[in-house]
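Chains here go by letter, A, B, C, D, E and F, matching the order in which they are written, and residues are numbered from 1 within each.
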Amino acid sequence: MEKVLELWHASGLYNITGGQVTMILVCLVLLYLAINKKFEPLLLVPIGFGGILANIPEAGLAFSAVENAVHFAKPEVLQSLASTLGTASTEPYEVLTAYNESNASAHHAASLVAADAGYSNGMMYNFYSVVIGSMIGPLLIFMGVGAMTDFGPLLANPKTLFLGAAAQFGIFATVLGAVGLSAMGIMDFSIQDAAAIGIIGGADGPTAIYVASMLAPQLLGAIAVAAYSYMALVPLIQPPIMRLLTTEAERKISMHQLRHVSKTEKIFFPIILLILVAMLLPDAAPLLGMFCFGNLMRECGVVDRLSDTAQNALINIVTIFLGLSVGSKLSADKFLDLNTLGILLLGIVAFGIGTAAGVLMAKLMNKMQGGNSINPLIGSAGVSAVPMAARVSNKLGLEANPQNFLLMHAMGPNVAGVIGSAVAAGVMIKFVG
Amino acid sequence: MEKVLELWHASGLYNITGGQVTMILVCLVLLYLAINKKFEPLLLVPIGFGGILANIPEAGLAFSAVENAVHFAKPEVLQSLASTLGTASTEPYEVLTAYNESNASAHHAASLVAADAGYSNGMMYNFYSVVIGSMIGPLLIFMGVGAMTDFGPLLANPKTLFLGAAAQFGIFATVLGAVGLSAMGIMDFSIQDAAAIGIIGGADGPTAIYVASMLAPQLLGAIAVAAYSYMALVPLIQPPIMRLLTTEAERKISMHQLRHVSKTEKIFFPIILLILVAMLLPDAAPLLGMFCFGNLMRECGVVDRLSDTAQNALINIVTIFLGLSVGSKLSADKFLDLNTLGILLLGIVAFGIGTAAGVLMAKLMNKMQGGNSINPLIGSAGVSAVPMAARVSNKLGLEANPQNFLLMHAMGPNVAGVIGSAVAAGVMIKFVG
Amino acid sequence: MEKVLELWHASGLYNITGGQVTMILVCLVLLYLAINKKFEPLLLVPIGFGGILANIPEAGLAFSAVENAVHFAKPEVLQSLASTLGTASTEPYEVLTAYNESNASAHHAASLVAADAGYSNGMMYNFYSVVIGSMIGPLLIFMGVGAMTDFGPLLANPKTLFLGAAAQFGIFATVLGAVGLSAMGIMDFSIQDAAAIGIIGGADGPTAIYVASMLAPQLLGAIAVAAYSYMALVPLIQPPIMRLLTTEAERKISMHQLRHVSKTEKIFFPIILLILVAMLLPDAAPLLGMFCFGNLMRECGVVDRLSDTAQNALINIVTIFLGLSVGSKLSADKFLDLNTLGILLLGIVAFGIGTAAGVLMAKLMNKMQGGNSINPLIGSAGVSAVPMAARVSNKLGLEANPQNFLLMHAMGPNVAGVIGSAVAAGVMIKFVG
Amino acid sequence: MENLVSEGLSLMGFGMGFVFVFLTLLVFATSLMSKFVTKFLPEPVVLPKVKPATPVSGHNNDELLAVLSAAVHHNRSK
Amino acid sequence: MENLVSEGLSLMGFGMGFVFVFLTLLVFATSLMSKFVTKFLPEPVVLPKVKPATPVSGHNNDELLAVLSAAVHHNRSK
Amino acid sequence: MENLVSEGLSLMGFGMGFVFVFLTLLVFATSLMSKFVTKFLPEPVVLPKVKPATPVSGHNNDELLAVLSAAVHHNRSK
C-alpha cells in the first residue's frame, strides 16, 4: 500500500501544476498548427513535442542535475549545495537563485555535488546544452541552408540587396518598441532582451535562435516559437500591408527577365561575402561563415557528396535536435510570463514593419529608375522567410497581372534578407553581447 | 636489442591473459552467429567486434584514463592518484578500488591527474560514455523504432494491449528468480541487478540496454548479449511452449480481418500514449517519449524527411556506436564471471515465462469472448521481439490451418509488448533506481 | 561617433595582421587548387575554407576561451588568469605561455576563469577538440575507408604486401631527414615532430592527421595540407621516379590474371588482420581496428545498411568537420613558420623515397621470381594514395604496352600501403608518443 | 536475504499491477479516441496521394522551376 | 529607463546604418566581381555536364570496373 | 643533437624492421587462411544474389505486405 502511495505521489497527475497543463495545451496547439495547418512543420513538430516533454511533471527532462536535486529537496543535498554555492539558506528557491547567479567554477562544483547525490541532467537539458548552448545547431542549419540557396537571382540583379537591407528595419524598430515598453514600465526587457526580440523581425529561424541563445536564453522558447509561427503566417501578414502601400499600377509592373549567371560568379560570391564579413564584422563570422561554406560546397561542383549530406542527412538530424532543444525552453516556469505575450506582440509588429520598409524601399528604387522597372511587391520578400515571402510577392503580382511572374525577381531580395539579418545579428552581438 | 625487448614486452602476445583469450573466442562465436546464423546481425556484429577490441591486451581501449594510468602503474602516478583519492595505499588494486568508490569530484580530480601523466580514455570507453553513459544511444534507437512502427494493427484491436501486458510477467518472474538465486547464496545479485536482468524478458534491445546502464552497468555486456541472442532465438524458444499450451483446435482459430484505421487515429495515438505516460509514470518518459516522437514524425505526414532520417542515417549511425559501446563491456574482467552464466540462464527463463504468460492470457481472452475469436498463438507475440515473434505466431498458425494468416493480428500484441516493457522499465527505475 | 569608432576598432580591416593576410591568400590558393585543379577537393575545400575562418581577425574562431580572454587583455581578467596559473606576470604573452605549459588541472581552472569573464571557445576550436582532439574524426574516416576497400586483389596475391611494406621506407627516411636538419641546426624539430612529418610519406590522410594530432599537434595544419596536396600530386611526382628506376622491358611485363577470391576469405581477412594487430602492436589497434571493422561490415553481407551509412552519410559528415578542424590549425601564428617550409620540403622527399623503395622492392621480387612475372611499376602503388597511385601504375603500364592492364595488380600493394603506414604509425606512437 | 526476496516479490506485484493498470487505461483511451475520431473527424472519402513538400528552409525548387519555366515561356513568346 | 531608450535608439541607428553600408559594399563587390568574371573568366560555350567523381578516399569503382572488365576481356580473348 | 640523430636512426631501423615483420606475418596468415578456406569452406557453386533483409528492429515490411495481401485476398475470396 505504501508503494502504491509512493507511486501515486510520484505520478504526474498528483504533481502537475496549472502552468504545466497550460503549456501542454499550448504545445498541442502548436502540433495542431504544424500538422493540420502546415505551419513550418519541420521545426514546429519537434518544438511542440519537445515542449510537452519539458512539461512532464517530476520527470525533470528540461532541468540540469542541480535543478533536479533542488526540486527533490533532500535536506542533506540542499545543505551540501548551499555550502558549495556559499549561501547560508537551504531554502530550495534561494539555493537555486544562488546557483543561477554563481560563476562557472561554482556551477561546476555544484554539478559534481548533484551528481554525487545521484541526480543527472534531464534528457532535454542535455540536448539544449549540446545543440544550442554550444551554438552548433543553428550554425549547421545555416550551413545546410547555404547549401540549399541559389544566389543566381541575387547575382543577376545585385541591387536587390538594398531591399534585403531595408527590410531589416523591422528588427531595429522592434528593438526600440521593446525598450519603449520597458521604459513605460509595461514590460521588463533589458537591452539584450530587446535585441533578441527584434531579431524575430529577421524572419529567419536559425538566426533568431542563435541570437536569442546568446543574448537572452531565458526568452529563447518564446522567440523561436514566434519566429517560426510568423514565418508560417507570412501569407496572411504581408498581403494587406503590400496592398496598402502600393498602387494597382505599381503592382502591374512587369520586370524583364534576369540575365544568365555563370557558375564562376556563383563560386566567387560566397568567398567575397566571407571576406567582407571578415573585414567588417567579425561577430557575424560564425553565422555567415557557415552559410558561405555551405554555399561554396554547393556551387564549387567538386564536393557534391558533402553538399548532399549537408542538405539532407546532416540538416535533418540537426533539425530534429534543434527543435527538441527549443522545446526544452517551453517549460511553464520559463514561458508563462507576461514577457511572452510582449514577445508575440512585438514579433508580429516586427514582421509588419519589415514588410513595409521593404516595399517602401522598392517603391523608392522604382521611382529612381524611372518608375517602370521594379515592381514594389518584391520589396516585401526582403524580410527573408525564404521562400514563402517570395511566393507571396509572386502571388500578388499574378493577381494584378496574370502574366507577371515575380518569383525569380523576389528570390533576390529574399536571400538578401538572410544576409541582412545575419549582419544585423552581428551588429547586435557586437554592441550588446 | 633493448628496443626489441621493449616492443615485445608491450606486445599483446606477451601480455595476454587467459581471460582475454577466452573473451576473444567468445566474441568470434558472436560474430559467427551474427554472420552465418543471422542472429540480429545489426547489433551482434558491432558488439562482437567491439568485444574483441575491448580485449586487446595493453591497448586499454575500454578503460578510462585513470584505469589506464593504474594499469601501467608508474610509482609517481600511483602516488599522485592515491593522494588525490585520499587513500594511503599505492597498490594498483587498492587505488582502483578507491577510485571506483569515490564521488564525482574525486573522479574528476583523478581524471585530471591521469591526463597530466599523459594517459587518456580508451576509444571504446569514450564511445560508451557518450552513447550509453549519457543514455542518448538507446533513446535515439527508440525514436527510430518509433518511426518504423505501424500501430495500425494495435489500433484496430486495442484489446491486444492486454497480451502485451501479460507477456511482461516474464520480466518480473525473472527478477524474482534472480533474487531467489541470491537468497539461496548461489549468485550474488542486488535488487538493482535483478531488475536489470529481468528486463531481458522484455525482449527489446534498447530497453534492456537503457535499464541495465542505469541500474547495473557492470552487467550491461552480459544483459545485452543475452537480450539480442535470445531475440534471435525466438523461433526456437517459443514454438514448443506455444504448442504445449494450446490445443490443435485453438491453433486453428481464424481471426476476422482487422478494420481500417484512419490516419487521424494514428496521429492521435502517440500523443495519447505520451500524455498517459506523463500523467502516470514520469520515469518512463524519456524512453516512451522518444518512441512516441518517432511515431508522430512517421504518422503526421508533414515531416517525412525527418522521419526518413530517423529511420535510416541516424539509427544506422547510432546502431554502429551502440554496438561498439556494448562491446566495450565485454572485457574479460567484467564478463567472465559466474554472474554472466546466471544472466544467460535467467534470460532464457524470462523469455519462456513471458511467452507462456502471453499465450495463457490470449487463451483466457478467447474463452471470455466465446472461444472462437482470438487465436491464442498471437499471445506469444506480446513479448516484443518485433517482428520475429509475430512471424512465429503466423508460422504456427499456418501449420495448423494453411489459410490462417495471423501476422497482422500478432503485430498488435507485438508492438504492445514494446510499450509494456518500457512501462515495466519505468516502474523498476522508479522503485529500485 | 564613439560607437562608429568602436565598430571600426573591432573590425577586421583595422586589426588584420600581415600574417593573416598571407594565410588568407594561402587558403584561397588551396581553394583554387581544390576547385579548379581537383586536388583532393573533399578535404581541401573544407581545409581551405576553415583556414580563412581561422584567420578572421578579432573573431578568435580557432582559439580557446582562455586564448580569447588573453587576446582581449582586460587587466582584471589577466590578473585572475595569472593567479590561477600561478604566474607573477600579467603580460598577455607570459600568461599564455604559463597556460600552455600548465597541467590539466590548471587548464581546467583557467577555462572556468575565462568562462566567468564571458569568453568562450571559438567555433573552430570546438570543432578541433571534438573531432581531432578526441581522435574520433580520423578513426571514423578510417572505418569508412575500410568499408570502401576491396581487399580482393590483395588476397589474390598476398605477396604484394611486401610492396606495401617497402614503400613505408619513405616515412622513416623522412624522419631521419627531419632529425638531420635539426642536428645541423637548420630546423628545430623534436623526434616527435620528425615522426609526425615522416608520416606524410605514408600518403594516407587520416593516418597523417591521427599521428600528427598525437605527436605534434602544432604541426598538424602543415602536415595535413602537405599530405593531401602531395596525394593529389602523385600523378606528377611518381612517373619520373618510376621511369628512372625501371627499364622499358620491365615496364612491358604483363601480369597474369588474378585468381577469384571467395566471400569467405574476404570476411576472414579483417579478423586476421585485427588479431595480428592485437597480438603484435596494440598501439595501432584504434586505427587498424576501426579500419577492419569497416571492412568486416562491408564484406559480411548481413549489415549492409550500416556499411552504406559508414560509406556515405557518416563519412561525409565527418569529412566536413575534419576538414574544418584541420583548417583551424592554419591560423597565421601556427602556420607561418620556417618549419612549415621544412615540412613541405620533407613531405615531397618522403613521397619520392617511398615511391622509389616500392619500385625497387618490386624489381627485386620480380628478379627473384624469374624476371617476368611482376611488373615493377606496381611497386610505386605501395605508398597508398588510394587509388591514385594504382592508376598511375596502370597508366605507365599502358604507355609501355597498350594491352597491359595493371590496375587490379596495383590495387594489392595500394591497399597494403594503407596497412603498412598504419603499422608504421603504431610503431612511432609506441616509441616516441 | 529475506529482505531481498520480499523486495523482489513487492517489485513483481507492483510492477505487473502497474503494467496492467497502465495498459488497461491505454485500451480505454485508445478506444475512446478511435470512436471520437470516427465520429467527428472521418477521413475524406477520396484522398489523392500528394507528396508533401517539406523542405527545411522551404526552398521548394519544383514550384520555383514551374513558375520560372512559365515565366521564361512568357518572355520568349512576346 | 531613459538610458535604455537611448541605447535602443543608438542600436537602431548604428544597426541600420551598418546593414546598409555592408550591403552597399556587397553590391559594389558583387558587381565588380561579375564584370571581372564575365570579362576574364567567361564560361566555355558548350559545357557537357559531367558528373564529378569525388569519392572520399578516391576509390573510384566505375573507372576501376571499366578497366577491370577491359582487362578480363583482354585475358579471355587471348 | 647527436642523440636526436641516433634516435632517428633507431626509429628507422626498428620501424622498418617491424613493418616488414608484421606484413610478412600477415602474408603467411593470409595465405594459410586462403588455403584453409579454399579447402574446407568452398563457395557454393551457384549463389543466387539475394538482397539481405536487415531492418534494425526487423520491421520487415516486404514480407508483412506480402502476407497481408495474401490475407486480404483470402478474406475477399470467401
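Annotations for the structure displayed:
We adopt the following convention: contacts are C-beta pairs under 8 Å (C-beta built on N, C-alpha and C of every residue); 3 or more make two chains touch, one makes a residue touch a chain.
This one's a predicted model, so the numbers in the text were calculated from it and none came from an experiment.
Between the contact lists of chain D and chain F, the overlap consists of B.
Taking the mean of C-alpha positions as each chain's centre, the chain lying farthest from the centre of chain A is F.
Looking across B-D, A-D or B-F, the interface that copies C-F in more than half of its residue contact pairs is found at B-D. Interface note: chain A and chain B, two copies of one sequence, contact each other through mostly non-matching residue numbers (shared numbers fall below half of all numbers used). Placing every chain at the mean of its C-alpha atoms, the farthest one from chain B is found to be E.
Chain centres here are Cα means. That of chain A falls 26 Å from that of chain E.
Remark: chain A and chain F have CA centroids separated by 46 Å (rounded to whole angstrom). As a whole-number value, the distance joining the C-alpha centres of chain B and chain C reads 38 Å. Along chain A, residues 3, 7, 41-42, 280-281, 301-303, 305, 313, 316, 319, 427, 431 each make contact with two or more other chains. Multi-chain contact residues of chain D, defined as those touching 2 or more other chains: 14, 18, 54-56.
Across the whole structure, chains are in contact as follows: A-B, A-C, A-D, A-E, B-C, B-D, B-F, C-E, C-F.
Here chain B touches chain F in the complex through residues 3-4, 7, 40-42, 141, 144-145, 148-150, 205, 256-257, 315-316, 319, 386-388, 391, 394, 403, 405, 407-408, 411, going by the rule given at the top. Residues 103-105, 108, 134-136, 139, 267, 271, 274-275, 277-283, 285-286, 289, 292-293, 296-297, 300-303, 305-306, 308-310, 313-314, 427, 430-431 of chain A are the ones that touch chain C when the two sit in their complex. By the touch criterion given at the top, residues 1-2, 4-5, 7-9, 11-12, 14-16, 18-27, 29-31, 33-34, 37-38, 41-43, 52, 54, 56 of chain E touch chain A in their complex. Across the complex, chain E meets chain C through its residues 10, 14, 18, 54-60, 63-64, 67-68, 70-72, 74-75. Residue ranges of chain B in contact with chain C, taken from their complex: 3, 7, 10-13, 16, 24, 28, 31, 34-35, 38, 41-42, 45-46, 49, 52-53, 55-59, 61, 109, 112-113, 115-116, 123, 126, 312-313, 316-317, 319-320, 324.
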